[in-house]
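Next up is a structure, given as structure tokens.
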Amino acid sequence: MKDMDKSFKKDTETEFPLREEMRPHQVTAPDGQVIDIDPLQDYFCQEPPKVHAKSYFKIVEDFYNWARAHSLWILGFGTGCGAIEMRPLMTPRFDAYRYGIQWRPTPRQANLLVISGYLSVKTLKRAIRAYEQMPAPKYVVGLGSCTINGGMYWDSYNTINKFDEFLPVDLYITGCMPRPEVLMAGVLELKKKIKEGRADGANRYVENFEWYKANQKRVIKNWNMPDYNW
Amino acid sequence: MSTATDLLERFGTNYRISEVNEQKADLTFFKVPKDQAVRLLRELRDDAGYTHLAFLTNIDYIERGIFTLNYMLHNYDTRHTLGMHVDLDRDNAEMESIHNMWAQAATYQRELREMYGIRFPGSPRLDDDFCLEGWDQIPPMRKEFDTAAFSLARFYSRDGRGTEDPREHMKQQLYPTHTDDAPEGGN
Amino acid sequence: MTFEWIQIPYALLTVFIILNYGMIMTAIMQKIGARVGGRYGIPVWQNYIDLVKNWALRTKITHGVMFYLGPVFRLTGGLGLILFVPTIYGSVMHQNFSYSGDLILALYFIFFGTLGMALGAGESGHPHSAIGVSRGLAQVTAAELPLALAVFSISLQYQTLNITEIVAAQQGSIFNWTLFTNPLAVIAAMFGFVGTMMRSPFDVVLAPQEIPIGPPTEYHSAYLALMQTNRVIFPIAKTIIYMNLFFGGATGWGAFAVKVFALYFVTVFIGVVHPRFRVEQSIRFFLKWGLPVGILAIMAV
Amino acid sequence: MSLKDLISPFYVWQRAFEKPYTQKRPIEDRPGAPRYRGFHMNSEDCIGCGTCESICQNRAIDMVPVEGLEQRPGDSGLRPRFDYGRCCWCALCVDICTTRSLHLSNHYAWVTEDPDAFHFTAGTDPMPWNENSLGYRRDDDYHLLVHDRIEMEMLGPDESVRGFDEVMKGYTEEQAVLEADRCVECGICVATCPAHMSVPDYIRSVRKRDYETGLRLLYETNPFSSTCGRICTHRCETVCVMGYQGDPIAIRFLKRAIVDRVPAERYREILGDDVSDNGRTVGVIGAGPGGMSAAYYLRRLGYGVTVYEAQARAGGMLRYGVPSYRLPDDQLDKDIDYIRSLGVEVRFNTLVGRDVTFQSLLDTHDAVFLAVGLNQPSALRINGEEHPRVLSGLKVLDDVANGLDPGIGRKVAVIGGGNVAMDAARVSRRMGAEVTVLYRRRIEDMPADPDEIHESQAEGCTLVAQAIPVEIKPAASEAQVTIVWGEAEMVADDKGGRPRPVLQEDRMHEETYDCVIAAIGQGGQIDFIPSDYREQIEFKWNKFVPGDYQQTGLAKLFVGGDIANSRADAISAIEDGHHAARGIHRFLGGSADA
Amino acid sequence: MFEPTPQVDLSSGKYLKLWQGPQHPGITGNMALELTTMGDEIVDCKTHVGYLHRGFEKLMERRTFIQNFPIVCRIAVPEPTFNEYLYAAVVEELTGIESPERAEWIRTLNLELMRLASYLMWLGGIGAAFGQGTVYQWTVTHRDYILDLFEEMTGARVYHMYIVPGGVRGRLPEGFEERCNDVLNRVEKLLFDVEKVLFNNFVFKKRTKGLGVIAPEMVDQYGITGPNQRAAGFVRDLRRDAPYLVYDQLEFDVITATESDAYARSWVRYQEMHQGIRMLRQCLERTPREGPFQARMPNVLHWEVPAGETYVKAECTRGEYGYYMVTDGSEYVRRVHVRGPSYTHAIALMEKLAVGTNIADTAGLMVSLHTYPPEIER
């Protein structure tokens, strides 16, 4: 692939600048006032992430963990085929609401990111952003074989294989598709883990931030956003 | 006497139609040269009732150095489908755009641009990313692109795997001296 | 009515009771809604857990001062509403800071939270928030119109702007309720009630499908917890006003619980049945049906 | 907006009073359906053929060695290990499983924190679902493989018994391709084949109709392909994975399908056997399959090879022991002539010990390969066996091969259950005799090729199993002989060996035949080796026990063939020859990689 | 017809650029709409797909014919069976294998069940897109009952991998008819409830009537098929026009409407569900209980399909689903193209219809077109 034809190769250096609306620009308000806008400043937080300490008192932390475990809000982001088995989970048959699980449409209010199956590179980029926007402590569950070792898309040019290289994963559920029951079992397992205080993926992410970013950038070639963007 | 033969006879005088293949009663494939293709498409659509463009796709014949575009047209009245092949030069693939005839053709052309590198001058949003994003390799659907190798090189595979061929394994286990690489070796 | 310091702890007690009542009642309402869908729904204490969870989140990202103040304003709206509206008629403890012009203040507070929210959500910089806010303001304004007319109507009817007095006027028999003495005003007011309770068909503001998720898009952790608290207090506070104005108020916690529940249930009853209106559709709806009834109510008085 | 539209939606509340659809216990209440495709299970029937691995489009299956497996013939010792980071539960592996050992359970829940944990070897690793009895199994009427062998045209028994024409007609090209298509290319057979021929590869070449590649593959390990394509004992077919649910691949006949389609004159060109002398010579004793095979491979390595053969024609047992309806002479000649055409010198009618001494061979050659075979019929060891009407099976076959009349008469008893016995019986049938075969054990215990047994029965031979000859008595006529035999009961062996026949004294039979053909085995004849040499060589039961590369204690002497192995078939002899050739080459300073 | 989009000056402050998706509850699967809005009105819509692109057509080129059979169903996640059938049909046509009659009936049963399940999911989707969550709860649950049937019949809930080239993979389980009938009755009862709740709901009518009208002349220009086309008044249904499997032996009506708006499309689909139940009942009655369900196959491990090309299509819930396959006589396919109806509906048509609608209606509009992003990008 070395002597690649330039005519259809897209040059990563020049062809992936920031999107136009992401660059600093000026906007004229209806009243004629000119406003300078730097979207990266406005939309993203440039502050690097921090490791979050536990509560000083163990009993308080345990109580918090209990509450966290019983109020898991899932981000409504179905990344792959697994999304289709998440619907039964939230509907009468399995009624995950019983377990304090809710569906949140915005990452800011979600604690649990379920990567439901394969991740194309394009989705991975969004999944990373969604994850970073979620408030810590946050949890990631890899649903389906594809998140573990590529699954049936192991040789696809557009899907990643090892999801744990990109985000810290708390739990894996195998299957293709995993039944809603397994997802439920996974969530219950995750609850156990949270209650024991072992679900510290958010901190792991911060601690190994460079490594994760390097992996992410290795795969996402049009990295047109700041590294810190939550 | 089928619709297809009728039709192709009718157009045969003005167009260089070749390689007619009547696959089944309601499906016929044929080939026209590149410079006549769009004109014929228009005529088929406007005069012959082939109003439905089912899809437009491309076949890569790497060993012959050509791309073959396939326009699949359907006539709702006769319920007959025509597959029109157009050969393109693989190294310099360019084709006239038909986005003005069918709206969805623009999407197909975008896909072909991305997946094969075929150019359709004038087609809207042609060079925008379609399915891929940040793609820095040769177009992936071209035959010379090895997706497994690429996946392994970029996405890695999990460690801890390793397989043995039953035949080789039995050879090592059961009759090592009969193998060509016997343990003691010669000399 | 004179102010006494003891009213402050009394009022806080009222707020506390209402908060807990609201937590559990909204959960029960959710369970009822879930039942229609064919499932069991959340546990009744789920709201508490969610609240604790949100307080316990470690990340708090702010988008500016207004972003921070938004939920505070919002909660202030809810609390203010409660504090200035007599909760239990005839009870000194739960009289709160009711005074002669409290009806006007209450109307103001109903709007206050929304405005505060608008500022905060606007600051968050998310286009969904902005869209949600503009929808919300438009819709709430339209929905409040019939209510304002109805309030105008009954203040004419009872010749007072003091809620306590309005409640007092309705005591005695069930037929003294405004519901029966001035049904047109009640109908007009109910338009406003259903329209502002953020339930279908008038919940396009918060709709996850039409645009996720409206004003609170960027809100999380403690901010969200504040808003959640408001989400249980504010509707109840509003319900209390309606109860006081139109349904004879409550003379004890039992009557309070039943009446609030029943009133709240009206929105649920309608909500689970319907898809939601678009903003301009709901505005049109209020103007077309709510407004004439309100005007009729005034004319009737 | 009609009133109906306003009211009708409230109908939803009716459902509020119905029982919710929710399952109380979401995880336990709904086990997988009986057919659910859950996690993999593997039974003990698995032989590690790896077909599951080759059909898996996800590369989710690895074949890995498993500790503590009992070593069984036709078992690779590998077991499938599944990577559930890859699997998609399509169950193609179950559908294709040749032994039907692979199943899916209806267990489906596996949740862990460790992404590297999703590996397990089905059936041997302790998994919670190993005892599961439900789950996906292949339906009996659903096949992804072709289980029935393509029938080959052959002479019917009525026809075949009338002469010595070849019975098996061989596959037509289409048939051969279809039969080759059945192969799953697992390679289990390669280990079982004494010559370790690359069976899957040459079967693939049949499928691709690429006979030249096929011939090259055959000659890598076996210069008697034409012969083996007809009469090989095809041990490979006994372990063929296709045999577990249907018929094994006709490996032997596919080999024949290759050689039948390549004319002898093109062999040299195709095989590219370019012989250049390296100046050293090897003597080979016996021009049977072992000797000629060694000669071929030694010649390819450049050695001067001289073969000393006692008989007038080469081929040994193949020539004199196998009747021509199984192996026509011209086919044997095709193989032997090609070997000779490379420059192998064969000295006919030269019996070592009589015409030339063993010592002189050792002196003249750099190494000697001995493959004299077994040509001495074993005695029956019963009274009266020296009766003139008791013939040896070998003698009968020998005579027939040489065109002589063995003089068997019209009613013949054959004693024995090996291939020689079957051949003798079938030859006798062809000579018009009525044949009874007496065998000590059960029919399924017969060492003869099952096809042979089947065909001999079809041709009208009577097989009497569990019949032990007790005595041979002269009959009334001199041209006849009487045999006394008793019925036997099979008694389980205490030491775990195969069941023994025990004579039942009370059930004795007596029958008179024109002749009795004894074919219960043969022994070797190695008297020509001087005794001081013999002391250096290890023997067991009058057979050589060769060391590595068929070398004996006498360093220059390599042995092979029936006299040096227990299997006593052509293909083993061929392999011995090949192996010895490599050993000799190695011994003489070359590399063993030849 | 392609019309250039109006040039929008974003910096003028009059317009707002708004992204919906890829994470958006109103869209099945992942897709992003890049909307330019003025107030609540959309002035420009660009679709972005590829979030689910796995490169199926490439993967299929490097798998053998039997190995392709498990992967094709993943192309359209909510409705995998049509892929299985079409793949099987296209391979059968090129190899000349004919699947036995019993298999054809079971396939039809399978496809119609799938159609019903897919429609149920869609029905919930259209409810949810307009805020009627209750209907969503009901239909997804009832879809689950159908998935139970699938699990029983095929061994899996979602990816059945049941229709294999040459036939089907197993017989119907014991007692399947009763259980299937039971589910059909339940679904039918539910449908009548949904009609009362959703289709006779003035709010729903207000939202959907007049939304996203497809003019009849657009149908061919945009390659619109399926219910979207039938709602515009065209009586075209491949099950009737080019019968495959056993559809020529089944009785059913082709449902059409004329208004061609979101409501009409929904109504057509709703009626088709009833037709589906009708067909399913016929299938259950008439599926042969005996006989082979798989044609004799070659050894699939090295299955070479003769060189050729063909296009096989079927009427799925969204319209014309087709497989175009070119083979060159080797063990691998030369080219497969999967023609999913969503391809045109979700991109060209959506971009056209979205212009001029309210932002709040985009999700509903999208659902009313019934699109599945995974089949667009494959």
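A, B, C, D and E label the chains in the order they appear, each numbered from 1.
Criterion: a residue touches a chain if its C-beta (ideal position, glycine included) is under 8 Å from a C-beta of that chain, and two chains touch if they have at least 3 such contacts.
This structure is a prediction, so every number in the text was calculated from the model and none was measured.
Least step count on the touch graph, chain D to chain E: 1. Touching chain A and chain B at once are the following chains: D, E. The chain occupying the central position, as judged from C-alpha centroids, is E. Chain B and chain E have Cα centroids separated by 24 Å. Centre to centre, using the average C-alpha position, chain A and chain E are separated by 29 Å. Remark: chain B and chain C have CA centroids separated by 61 Å (rounded to whole angstrom). Chain contacts: chain E has residues 17, 24-25, 50, 53, 55, 58-59, 62, 70-71, 134, 136-138, 141, 156, 159, 197-198, 201, 203, 206 touching two or more partner chains. Across the assembly, chain A contributes 76, 91-93, 95, 98, 103, 105, 122, 148-150, 152, 154-159, 162, 176, 179 as residues in contact with two or more other chains. Among all residues of chain C, those that touch two or more other chains are 34, 36-40, 128, 208, 212, 272-274. Here the chains touching each other pair up as A-B, A-C, A-D, A-E, B-D, B-E, C-D, C-E, D-E.
Considering their complex, residues 33, 36-39, 127-128, 130-131, 135, 200-201, 203-204, 207-212, 272-281 of chain C touch chain E. Considering their complex, residues 91, 117, 131-140, 145, 147-148, 150-152, 154-158 of chain B touch chain A.
The residues of chain B lying in touch with chain D in their complex are 158-171, 173-175, 177-178, 180-182, 184-187.
Chain contact summary for the complex, chain D toward chain E: residues 1-2, 4-6, 8-9, 11-12, 14-15, 21, 32-37, 51, 54-55, 57, 88-92, 95-96, 104, 136, 139, 141-146, 181-185, 204, 207.
Taken in their complex, chain C has these residues touching chain D: 32, 34-40, 269, 272-274.
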